[in-house]
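Chain IDs A, B, C, D, E and F follow the sequence of writing; residue 1 opens each chain.
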Amino acid sequence: MLPVFLIGLYVFVLSIFVGYEIISKVPPLLHTPLMSGTNAISGISLVGAVIAAGLGHDALTTALGFAAVICGTINVIGGYLVTNRMLRMFKKK
Amino acid sequence: MKIAVAKETAPDETRVALIPDTVKLLVAEGHQVAVEAGAGAGAYFNDGDFSAAGAAIEPSRDALYQGADVVVKVQKPSIAGGEVAALREGSALVSFLQPHSSGDLLKALSQRQVTAFAMEMIPRIARAQIMDALTSMATVSGYKAVLLAAEALPKFFPMFMTAAGTIAPARAFILGAGVAGLQAIATARRLGAVVEAFDTRPVVKEQVESLGARFVGLELTQEEAQDAGGYAKELTQEQHDKEVALIAEHLKRADIVVTTAQIPGKPAPILITEEMVRAMKPGSVIVDLAVDTGGNCALAEPGSTVVKHGVTIIGRTNLAASMPIHASQMYSRNVANLLLHLAGEDGLHIDLEDAITSGTMVTHRGGITHPALKG
Amino acid sequence: MLTYVSDIIYLVSAVFFIVGIKMLSSPATARRGNYLSALAMVMTVGTTLVVGQIADYTWIIAGVAVGTVVGALAAQWVKMTAMPQLVALFNGLGGAASGLVAVSEYFRRLDTLESYLVIVILLSLTVGAITLSGSLIAYGKLQELIPGRPITYPLQNWGNLLLMLAALGVGIFLVIEPSRIDWFLVLVGISLLIGVLMVLPIGGADMPVVVALLNSFSGIAVAFTGFVLSAKVLIIVGSLVGASGIFLTVAMCVAMNRSVWNVIFGAFGQLDVAAAGPGVAPAAQGAVKAYTIDDALVMLENSDLVIIVPGFGMAAAQAQHAVRELSDKLGERGIEVKFAVHPVAGRMPGHMNVLLAEANVPYDQLYDMDAINDQFKTAGVAMVIGANDVVNPAANEDPSSPIYGMPILRAEEARTVMVLKRSMNPGFAGIDNQLFLRDNTMMLFGDAKSTLSKLVAALKN
Amino acid sequence: MKIAVAKETAPDETRVALIPDTVKLLVAEGHQVAVEAGAGAGAYFNDGDFSAAGAAIEPSRDALYQGADVVVKVQKPSIAGGEVAALREGSALVSFLQPHSSGDLLKALSQRQVTAFAMEMIPRIARAQIMDALTSMATVSGYKAVLLAAEALPKFFPMFMTAAGTIAPARAFILGAGVAGLQAIATARRLGAVVEAFDTRPVVKEQVESLGARFVGLELTQEEAQDAGGYAKELTQEQHDKEVALIAEHLKRADIVVTTAQIPGKPAPILITEEMVRAMKPGSVIVDLAVDTGGNCALAEPGSTVVKHGVTIIGRTNLAASMPIHASQMYSRNVANLLLHLAGEDGLHIDLEDAITSGTMVTHRGGITHPALKG
Amino acid sequence: MLTYVSDIIYLVSAVFFIVGIKMLSSPATARRGNYLSALAMVMTVGTTLVVGQIADYTWIIAGVAVGTVVGALAAQWVKMTAMPQLVALFNGLGGAASGLVAVSEYFRRLDTLESYLVIVILLSLTVGAITLSGSLIAYGKLQELIPGRPITYPLQNWGNLLLMLAALGVGIFLVIEPSRIDWFLVLVGISLLIGVLMVLPIGGADMPVVVALLNSFSGIAVAFTGFVLSAKVLIIVGSLVGASGIFLTVAMCVAMNRSVWNVIFGAFGQLDVAAAGPGVAPAAQGAVKAYTIDDALVMLENSDLVIIVPGFGMAAAQAQHAVRELSDKLGERGIEVKFAVHPVAGRMPGHMNVLLAEANVPYDQLYDMDAINDQFKTAGVAMVIGANDVVNPAANEDPSSPIYGMPILRAEEARTVMVLKRSMNPGFAGIDNQLFLRDNTMMLFGDAKSTLSKLVAALKN
Amino acid sequence: MLPVFLIGLYVFVLSIFVGYEIISKVPPLLHTPLMSGTNAISGISLVGAVIAAGLGHDALTTALGFAAVICGTINVIGGYLVTNRMLRMFKKK
């Protein structure tokens, strides 16, 4: 199990650098849309949710999975749409 | 309201109380304006300009005055010249009146039942700024004083580095940084002089510096220096001595000096003595804007330019009249704003509750009304 | 071969997410960035649906359908001003999803749980649960279901510490005894409680920061879910969101001139001067909004006409050259600039003229009050530089004010009023100015010259 | 070398050819300087200043001239006043000489075996810039012309937006953008006027614009407009007509006009006719700096100010003398640089190969030497 | 457990490398960055020595000893001007090391070679070999052992393409038949040849770009070595160096206003105006050096005294306000600024004075020629803004020049002379100016106002 | 073998992002030291070299390893020292 964890750790550390570097100069006015945009992205645990809901292991896990799918989907769909609405405000009239 | 624009009678007065542009404005507001023939000539406005603006031209002064609700003038009317006598009883007069020093005139006006408004008494409150003729005229004098100095100075104002050597910039020293003083600072700086300014009121430090000049001052508190109206107070003897010493120091280095220090209703303080003039550089120039009220420089002579100890001392009075077009334009706007303020449904409307009306009116219904002038 | 292809797709998606977030951080590319990240999301989820050995799509389809409808409707119907609370809600659901996946994995693998797996499951669960409950409280505060003021109680920080230690203890116990479902549920409870207690004491005005922090938490939960499922793309995206969320939180605190610590644990009530972006719920009426250079920049860049109102503060700061430079820079970008010179701005007649002429502002850019007053309503920004009395609406509205009756520049009619001054101090007349408190007013505190220089520098990039 | 500084005899001439600072410099270089008593008075330098700088004070003109290798002056010596006769035979003279229009003087000087150098003939080459007195004096005149105009104008120069209304800026129109013209532009701009300038030479467009003014010009090529020395050429009739039409257009809007158009050795071109003056705004001001050589304005009268058709036309000559301290300082540096250039081991060293010497020398050994003045 | 610890150390090292490189990209932190990255190197190599199952340290110790001595001596003894070629040489050796490791692995695992391993070994080898031979040629050009001018021959690009295809062919063959040592050696030869032929046609002035590119190659070789050895830290560091090298190459080309393609395949000789950083071999005497804003910035920031020499170009560009601003900004950083006003700068007496006064430059910062000329030698930078004749040394040195005898400002005595003008065009006198060609002169081409604005903007960050 | 490669690829891609982001605003004057500094880092294949030289597999691989160690060490040691010398130039006198 250890190597998997280590690999994950490498990926984790590198991603943190990437995350820091790309965020480091956002103008404050974009804070809210950026927050909303990354919030939509964090709905990616939907990936885990569909597996849980679809694996058909037992009723409990499937139910939990189903709930997770609903939560994740709302997060993803709603998040992207809201972000998009916010960003429309920044277009030059 | 019937408004009459009088032709000035004072010698060398070139301004006119209303200019055609303002006449047009008043006419548009429903007033009738009559102008004495030739009233605008000194300021390059001819009768044709006035008629085009909607005014009637009236060659006879008596006819003009008799038909008017308000007569507007620049300089106070002369008793001797019959101007006061020509005013219709019950009519109003708007003009500079020098009320503090013109007791006789005020008496004559009140006897004649004239309601007189002194343009110099416009209170210094925010909404009266548009009528503040003292400020307007001080703006003109401050600007013009520096031009006179530059013209008389045997040197350049700005610094120049040329093939024929380096020319040092002129040093200007402005005494009194009120409206005229600040304008003088700005003009001298524009022309490239190095400017220092002196005043007793500490608040003006920031204002002087906002124009890029250096402030020189006594260490007085706000209360010691300034009265409630924003004007300067008279100093104690000790303060005055300190002030004189400080000024003497700076005068030695100055090429041009413009003095504007005044205390309303009092003679101007003497800030430059003969001894101090003697210590100045030959060729330097003093312009004394306070010469009307006694002068800040002991050697200044009202109305003339003298050279003493190698220093040119300009005591020209009524500087505003030397720039008649714009001086008239500004005065005219101030007067018109006051007229519009005073005008009621039908003729003058005297509201004694109103700070502007009561602050500016000096005589009314046969009496001297202004508290500062009574007694 | 299939995992090979799918892994490559996941990698490409990760790259798209990275680029998408990067694009989100500049106004010019933000919308395209959002589309790109949405595309990456579709690719990732789609690939999982294909390669994820799904036995039964029923519940997935049902769940996605419900989620889509609810999410889309909520996003479309919400009012612009209610967006922050919606984002908080969405974020909580994201945390919930991660937590639920962790719970589901826990039960599914109950028999084969190794320590490593338990650890990551518990982490994913705990962080997810905190995100959920914290976000719900934040939602409640923003929606004003819960009082916005900080709710404090004695020893709260000690209480929280205790709870966290408890969670840690239960966690360690579960690593040793993975199959103790009862304790597992206790941990869920503790986690939810921590979320609630963490957010309750924080004032409503600080909620945007809290939401940013919780957003970072939801990212971290995703990363742990990635460890649980050995899904690298989740680790990448989760840590990306986690990291960017943290730095965003810090950036927001910096913009407010406060430390993160102070915001989260300070609990000293709503500040007067609070940072707020657009869409963030307006601070209580009457509170001043202080903004940053970058906020100002976006406003300026989105204007066709900027009217500059100089006052005595410009003179005092000797900022005339900087003003001219700003006007030049705006001009270069095709934004029209006009100067509105009030007749008594400054301290002597023509004070502004003298200084603007010194800075070589062309005369034809100067407008006097009568000429400009009707144009404010068409201006994107009215930039008030060290002026105060000359734009004070009290002159029109308040007969008791000493400046009542003085005609003023109607700066307040512009879409945004930007005020450059050092403090809330009054001007010459010594009276307060309600303009500074209006909704469309942006205060940029600081010496006018230095603020302008910063604006110019920012405009050059 | 023995250098004599003469007291100027021309009326109203206030300048002095060398000032104490420059005397000090020459003395340090090993020269002897004698100064006529009272020579510096007009420029505020007294005899004491000169002695302190190392000069001998000489009350008698004859003694002064007889003991000198070089006599330095500002204005050309008068034959009638006996100045030429007083010069020692074989000695040298450095002064403005107006050589193009002073045939008699040149003849008298050559008869007297005087080696005369005309300060206006300094060639316009890089290393002679430090001696270029025409440029120095034009700098003074250009600056002063604007001050005179500002003083005479019944308006402000700068724009002001005040409680008494908005004051429009004055519009200045400068004709001829040579040294004086450029300085006039700079000064008018400093004071806040909106400035336009006209010239026939296209190269000055960039220079005018570099001072923030607008250029108005004919579409002439460099060759049509300018000779090899950088001076302007005379225009053809057709070009002149076009020019006049263009100028007339701009004059109508102008508040102040400064004209400086000159062509060396020729009368100045008339650019402003009476008709054009009549079309100008009342109150506007013209300063004609070319009035010495006939004037650019047909109505200008040398030496006096006239008001015609409501326009003030200032024809003051020798403006440089109105700023004697700095004008003398610059002239003095130019003269000293020339003297140092001419000085040899022992007295004057005439190197006819040298462009400065040969270009500036007008008489030598009894003859007129300068090619431009012969025949 | 050991690999666990070692892997963590590797990860920490990787982080140090990343942070180290980041610090290298700002003058303030560059040295510390270099130390950090050296520390990371020690950690990485040290860990490997411990966990690497080393059987015999003899050759390692010997190799390290030899390498240390050679490297240290070379680094200490080389002249500052010869640094670029040394860097090229080092870089070649780095490529060689990667290549040699690949060869060694090839022989060691000859019996068990899987396709995947062969591919990465061949890639590591090829890239390493190209790096080696290419760097050697670059070294030769910079050291002037090989003519610096581009060496071209007919059909060169086609020839190169053919060679690459050949390498590809041999490589594919080797994947199929891994044990054909003969073909393996052929591939080594082809790779070396590609390196030679790629660099030969490129002019000496472009060598810095080539070295940057080859540096990127050596990073890529390291990354492939990492794949060969399954060493993640090598992959990280290698791809880091590879990526940064590529972007550095692009950045250098951008600074030269050319495309990478043009530099590598252009082969059109040495440019007159070539970008060159300090330490880069000076371009042939008499060639003009054009620099960028950032170069200028570093020079300005490292000065205690900056003397500004304004000329007619400042007036023509109406750059006086920008000049004033620059001077203010420098002043804020504690750098003294003086203005040297030549008596005939501009086109009228006092031209500069008028403009500098308009921009409010204080009089006491203005110095006339006599007052300033002795101070140039103490100035870090003499900044000549649109002046030409007044700083032309021909006035002192060339009796045939029309300006001979005119006193000039001795700007050339400053440590660095920075000249802001649009082109190499002459000024009023119409003559060339040798000052612009001197070694200590930095030309900043462009309109003076825009160059100054850029400098000001850059100084603000 | 495939997973190892894939993991490498993930690491590779993330590192490229990091490399790009951290390099993106170097001032030109630092180009040379930066090049030199990263050049020293690329000597990290020394890690591979010491293994090759020390594993003691056979003479050929050991010899190759030995050569690689020399090359790598020169690159590393020389690279860091040269970079350091260059950077000394940027110190304020």
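In this section, a contact is a pair of C-beta atoms (placed from the backbone, for glycine too) under 8 Å apart; a residue touches a chain by one contact, two chains touch by 3 or more.
Keep in mind that what you see is a predicted model, and the values were worked out from it rather than measured.
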Chain of greatest Cα-centre distance to chain F: B
Between the pairs B-E and E-F, the one where more C-beta pairs touch: E-F
Chain whose average C-alpha position is farthest from chain E's own: B
Centroid distance [mean C-alpha coordinates] between chain E and chain D, Å: 57
Interchain centroid distance [CA atoms averaged], chain A/chain F, Å: 35
Interchain centroid distance [CA atoms averaged], chain A/chain E, Å: 41
Contacts with 2+ other chains: residues of chain E: 18, 232, 236, 343-344, 349-350, 354, 357-358, 360
Chain B residues counted as touching two or more neighbouring chains: 129-130, 135-136, 139, 158, 160, 162-165, 167, 190, 192, 212
Multi-chain contact sites of chain A, meaning residues that touch two or more partners: 2, 7, 10-11, 14-15, 17-18, 22
Pairwise chain contacts, counting only pairs that touch as defined: A-C, A-E, A-F, B-C, B-D, B-E, C-D, C-E, C-F, D-E, E-F
Of chain B, residues touching chain E in the complex: 158-167, 169, 192, 194, 212
Complex interface listing, chain C residues touching chain A: 17-18, 20-22, 24-27, 30-31, 33-34, 37-38, 41, 44-45, 48-49, 52-57, 59-60, 62-64, 66-68, 70-72, 74-76, 78, 80, 83-84, 86-87, 90-91, 93-94, 96-98, 100-101, 103-105, 107-108, 114, 116-117, 128, 208, 211-212, 215, 218-219, 221-223, 225-245, 247-248, 251-252, 255, 275, 277-280, 291-292, 294-295, 297-299, 302, 304
For the chain B and chain C complex, residues of the former touching the latter: 125-127, 129-130, 135-136, 139, 179, 182-183, 186, 189-190, 206-207, 209-212
Complex contact set, residues of chain E against chain A: 4, 7, 11, 14-15, 18, 232, 236
Chain E - residues contacting chain B, complex: 341-344, 349-350, 352-354, 357, 360, 363, 366, 368-369
